[in-house]
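In what follows, structures are represented as structure tokens.
In what follows, chain A forms one complex with chain B and a second complex with chain C.
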Partner chain A sequence: MKNPLAPIGSLWRGTTERFGYPKVFITLFLVLLCVLAVIQGQSMPGFLKDTLTRLSMIGVLTLAMVPGIVSGIGLNFGVSIGILTGLLAGCIGVELGFTGVGGFFLTNLVAIPISTIVGLGYGWLLNRVKGDEMTVSTYVGFSMVSLMCIFWLILPFKSPIMIWAIGGKGLRNTIAIKDTFGQALDNFLHIDMFGLQMPLGSLIWLAILCFLMWVFLRSKAGVTMSAAGDNPRFARAIGINVNKQRLLGTTLSTVLGAIGILAYAHGFGFFQLYVGPLNMPFIPVAAVLIGGATMRRVTISHVISGTILMQALLIIALPVISKIVPDGAFSEVIRIIVSNGVILYALTRSGGGK
Partner chain B sequence: MINAKKFNLLEFLKKNSVPLLFLALGMLGWVASGQPIPMVIKELVDRLSRNLILVLSLIIPITAGMGLNFAMVIGAMAGQFGLIFIKAIGLGGVSGVALAAAFSIPFAILFGIGTGAIMNRAKGKEMITGLILGFFANGLYQMVLLAGIGTVIPLKNPEIVLKAGVGLKNSMDFSLINYVLDRLIPIKVQLGYLVLWIPLVPIILVGLLCWFIVFLQKTKLGQNFRAIGQDKHIAEVAGINVDRTRTIAMVLSTILASFGQIMFIQNIGKLQTYFSHEQVGLFSAAALLIGGATITKATIGNAITGTLLFHLLFIVSPLAGKNLFGDAQIGEYFRSFIAYGVIAVAIVLYAMKKSRAKSQQDSDDMAS
Partner chain C sequence: MDKVLEMRNISKEYSGNRVLKGVNLSVGAGEVHAIVGENGAGKSTLMNILFGMPVIHQTGGFGGEILIDGKLAKIHSPHGAMEAGIGMVHQEFMLLPTFTVTENIKLNRETLKSNPVSALFGPTLKTLDHKSMKEDAKKALDLLAVSIDDGVMVGSLPVGHMQFVEIAREIDKKQVKVLVFDEPTAVLTESEADMLLDAMKRLAARGIGILFITHRLDEVFAIADTITVLRDGEQVASMPKKDTDIVKIAKLMVGHTVEACVRCDNKTDEKSPLALSIRNLNVAMPGERVRGLDLDIRKGEIIGIGGLAGQGKVGIANGIMGMYPATGEVLLDGKPVVLNDPTASIKRGMAFVSEDRRGVGLLLDVSIETNITIAAMQVYNKFTTNLLGLKMADAKAIRERALEMINVFDIRCTGPTQPTRRLSGGNQQKVCIARALTLEPQVLFVSEPTRGIDIGAKKLVLDFLVNLNEQHGITIVMTSSELAELRSVCDRIAIIYGGKSVGIFKPDDPDETYGLAMAGALSANVKGAK
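Our next item is the complex of A and B:
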């Protein structure tokens, strides 16, 4: 007699094999939350808007994971280094009085050379610690964030919207940039749906960057880089300079980290300095893993779908769960469990069993 | 004769360069802070007995080649379960501390086994896995204490449970066990204008723990730890059950960390329910490394000197920052930079050595 559940079983196996357990579980969890939200009569267009806003904020940071994975350094837990250079460029932009859409792009232009130089140094270091990139990058990232805490206090910025009103020196913990170039892209270009403003401008910016990355990965340079990341010994044998490819990948990831935090701050309306960037890298790392990436393989669709899934989950979980359990801290707990659970799963799966 | 002596001095400097560097830094900071000596000594004695067990709990996994056990925060959580238990039933004094320790042991064993199992699936990436596992466990810990208390776990004590009847309060007063071990045998020393209590019982307990660690190294188990730490494959071939031994190392470390956290709260007298454990791994690892330990080698001496030096920096840096730069914040940021930085440098040095050995081997393979 045939097992009546067999088709479901094989469908389950097929799905989990194709998309990976994290993505399937998160999707199911999200669907459950959506059903609950509808039953509770929550505002679905509101969720859609928030999810799109979060996608435009975090998408570029998640994209920064791609060159790291492709070039073989793995998950770039040290993307906080790029984030720091981006924040520095952002402060320079505010100091110089950049505003509006032009100001946003000018700030990105300031960020690129700074993050390139820092990224090259960081890549040089990672080439000397092969096999331990993730542990090294995590702690190098942590120490750079805490070192920069001192610099945020003593850097000679003068703009009154950035420094503490009392004492007259030292940058503030959070700097509001709504009046400079924050949300400039979306004020310039947005689309009205369900009576809400959808952030079209920043989504187009994300789409452009994703498209450029997609083109790069298919170019000769991109193919060379993934060959070096996939199988370094084989790549070396056919004459590819593996270290150079890794250096390029790390630098690209750092530059995207800098551009990414500017996109994040742009959507959020604030720079968060000091310990703000400390745990920031875990957000894009978890997002790209939820999307179905592994430590060796990643595509642009992993970036987009992972970011959407993770952010939608967090956005919808807050009101739904707070109706069931009246405690505000709970959605933060879910974020901690989901994002670290996914990273942990990837770490234990990545082989190294010997 | 003179030559030989000079050579020894150089050797000593080279061997202890890290602790000496931090000694110099601590001394400079102390001079800059202008804090009176009795005050610094009192703080140091307090902090040494408060933190040493936590730092010592890192030694066994290092011997077993698992690096710095950042998952020790899970042990601290187990210890906090014990503490919450005695608070809930209102048992204080020495018996309270003993009960808290006893209550935490089964949790610590369970968590240690779990940690070991996960680490065995992530060989070669134990440190990052431990760090993430600590974050993950923190999420579960918060979920249990926020949603489980008052619903699944029947706890009503209004002193610790939130008004709604579900979830624990952010902070708990532990004056019921505050200093009960530290001042069990009261020895007071007059230090200038300050009274210094010598924490004799914690010193004895730490001494026993050190003896246990040294004793362990000489047993079959301790030799297995070392064999695995040197080379997992050879140990496997030699008939050692590598996975099981590594799990035992994790269990021991987790139990010690839970005891360490209980000792810590015993001295502080206050528990930040959701935060007290968070920084434990960072500060303990930094202290051990400042004492001259590396990712592959750590001794009891490293733990003691490191804890002293790290906390000397901790005590003096805010005031030193204030006096040197006009801002106490700079000193505080500086010490957290030291904590992260020293771990980063240790990991980089270790990874560079490993990577160089590997690429040497690679090029040998290519040549042959």
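Our next item is the complex of A and C:
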């Protein structure tokens, strides 16, 4: 007799094979949460707006994972280095009094040369630790965050909105940028849906960056880089300088990290200095893995879908679960379990969704 | 003479492929029994059976029986083999580099002393008796007549001495009756090899039976009492040394009769212009070192490069194409080639199909079309279009080229976007060759083109190479471990031994010439034989 469940079984196998387990499980969990949210009468448009906002904030940082994976250094846990350079550029922007949309782009222009120089140095380091990039980059990221804790205190910034009110020296933990260039893009360009402002400006910025990356991956340079990342010995045989490609990939990832944190701060309205960037890399790493990327293969669709899935999950989980379990920071717990769990899962296997 | 080891009618199949066909051999106490044969003749399989290697049992066991000291022995694991009295000196050293010589010799067979803790918690906590261990180690080393300090770390010893430590470990096992030497001199210098042969003779004199696996015929004739020749899994001969000579053995080793000689109407001769002129080429490819090779390659020929594994034949193409550090002079059309730079070599019109198909030859998770076109895109900017100054991959041109190649080569696939990992070995090889051809080379290096490919596809690949040479005038340098294959398609065949060319032969030269050349015994014997 034919098993009535057989079609479901093969559908399940096909789906998990195509998208990878993390994506399937998290989608199912998300659907469950949505159903619960509707039953509880939560504001779905509100969730939509928050998800889109978070997508525009995290999206560029997630995109920063792409050149790392493509060039063969794997998941760039050291993207916090790029984040630090972005924050530094942000502080310079505030100090110089950049405001509005122009100010946002000027700050990005400041960030690019700084992060390029730092990224080259970081790439040079990673070329010396082949095979252990992810471990090394995690700890290099941690060390740089700690090192910068000293510099945030002693850098000669003067702007009163950035330095401690008492003592008049050193940068604050959290710097509000709503009055300078925070949310400038969305104030400039937004659409109203369900009576809410959807952040169109920053989403367009993300779309432009994603498009540029998409073009790059289809250029000769991009094909060269992915060959170097996919099989270094093959790449060498056809005359590709593998170290140069890895250097380029790491630098690109670092620059995108800097631009990414500016996009993040732009949506959030604050710079978080000191230990703020410490665990930052785990968010984009988890997002791109949820999207279906592996340590060797990634596409732009992994970036977008992973970021949406992860952020939607976190946004919906908070109110839904706190209604069921009223006490504690349960949503934060979910975030940590999901992001670290999916990283752990990805590290235990090298294959993955396509 | 008592027989310490007898192997009767040993046969073995790997998934329907018979690799050993009824081999019989016996080793008496104090006898040195040499087993010679080409790569793939079945020597390693025979030893794996004797040693009870898991690979044998996982693939369905073997036929025949093994007798030790006249008693039927059931050997199911390497440990069982050791207990039965079989010792093995491995080709690759099984030593712990950070342990001392003594510790390596006595590893897992340490002399132990009881102490109060071990009395309480069991024998694993007994103290080591360093003094007696040191004595044992010294005794074993003295027997080999080598002076090695037993207290130094093995990692700091020269390679030759490591070999002796390995032997010392085996003879320290008190019950050892048969000692197997698997290509023991492959990594040794000449004087070290002589010392080793002396040591082997001394061991035999103490009543240990010795199985000596090698393809160096001069060594065989220096110490062996009996010689067994294997060819394609068959025991073609087994005789006392005194009944034979080195030329006969060489002939038996090769022993292929060339079927139809495809290329006997050699189009090239001494007056043909040279495509490549190689002088004093050294390539530091681990395991396949080239040492001062001189070779001339004529325009429009198919030249074969043969020789046994580890002699350096594979290193030649890898060195010229910049895959491993190389020094020396390579002239292409009379102009020097920049070495150690793959792009420079490709730009001069040379292309390379690597012996390591899956490691170097392919991007396994990438589509067939990208695999075929990426090299030409990389080196010549082919298959690109210009988009605001940025070179973009030209998807249409790539697809056209891929479809053309799939059609010409008859690559069996679901389409040009299929990842190469899913293709069979033969089809993967076709993709590799298609990539090399897309570079439009004048000289094509092909290494081990038929390795891991089934017989039908083999013929197809070889025919295709001949076709390329005849229709398109591409000079082909084909490196292969299969002499028969080289003899069936090449105009001339260079045999590499010890990193140098020992001679260039015609495909229809006699078997013994090839056998002697491959065994490195040509210079000493052929003059006498002729």
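Rule of thumb we're sticking to: the second predicted complex is superposed on the first by the 349 of 354 C-alpha atoms of A that agree within 3 Å, B and C clash if a C-alpha of one lies under 4 Å from a C-alpha of the other, contacts with A are read in each partner's own complex, and residues count from 1 in each chain.
Convention: a contact is a pair of C-beta atoms (placed from the backbone, for glycine too) under 8 Å apart; a residue touches a chain by one contact, two chains touch by 3 or more.
Quick caveat: nothing in here was measured; it's all calculated off a predicted structure.
Look at A:I300 in the shared chain and tell me whether it touches chain B only, chain C only, both, or neither; answer first, second, both or neither.
Neither partner.
Identify the partner contact of A:V136: answer first if only chain B is touched, second if only chain C is, both if each is, neither if none is.
After superposing on A, A:V136 lies in contact with chain B but is clear of chain C.
Using the touch definition from the top, say if A:V24 reaches chain B (first), chain C (second), both or neither.
neither
Could you say whether A:L196 touches chain B, chain C, both of them, or neither, answering first, second, both or neither?
Touch partners of A:L196: none, neither chain B nor chain C.
Report for A:V215: first if it touches chain B alone, second if chain C alone, otherwise both or neither.
Only chain C; A:V215 stays clear of chain B.
Which of the two partners, first being chain B and second being chain C, lies in contact with A:L36: first, second, both, or neither?
Touch status of A:L36: no partner.
Check the residue A:V333 against both partner chains and state whether it touches chain B (first), chain C (second), both, or neither.
Touch status of A:V333: first partner only.
State whether A:L318 touches chain B only (first), chain C only (second), both chains, or neither.
After superposing on A, A:L318 lies clear of both chain B and chain C.
As a test of reading the superposition: which chain, chain B or chain C, is in touch with more residues of chain A?
B
Please indicate which partner A:G239 is in contact with in the superposed arrangement: first for chain B, second for chain C, both, or neither.
In the superposition, A:G239 contacts chain C only.
What is the shared patch of chain A, the residues that chain B and chain C both contact?
Residues 233, which sit in both footprints.
Residue numbers of chain C touching chain A in their complex, please.
Residues 321-323, 341-344, 346, 352, 354, 356, 359-366, 370, 374-375, 377-379, 381, 384, 387, 390-393, 395.
Which positions of chain A touch chain B when the two form their complex?
77, 125, 128-132, 134-136, 138-140, 142-143, 145-147, 149-150, 153-154, 170, 233, 274, 282, 325-327, 329-330, 333-334, 336-337, 340-341, 343-344, 347-350, 352-354
For chain A, which residues count as touching chain C in their complex?
Interface residues on the chain A side: 215, 218-224, 226-227, 230-231, 233-234, 236-240, 296-297.
Spell out the residues on chain B that touch chain A in their complex, using ranges where they run on.
It comes out as residues 118, 121-125, 127-129, 131-133, 135-136, 138-140, 142-143, 146-147, 164, 166-167, 232-233, 325, 327, 329-330, 333-334, 336-337, 339-341, 343-344, 347-348, 350-352, 354-355, 358-359, 362.
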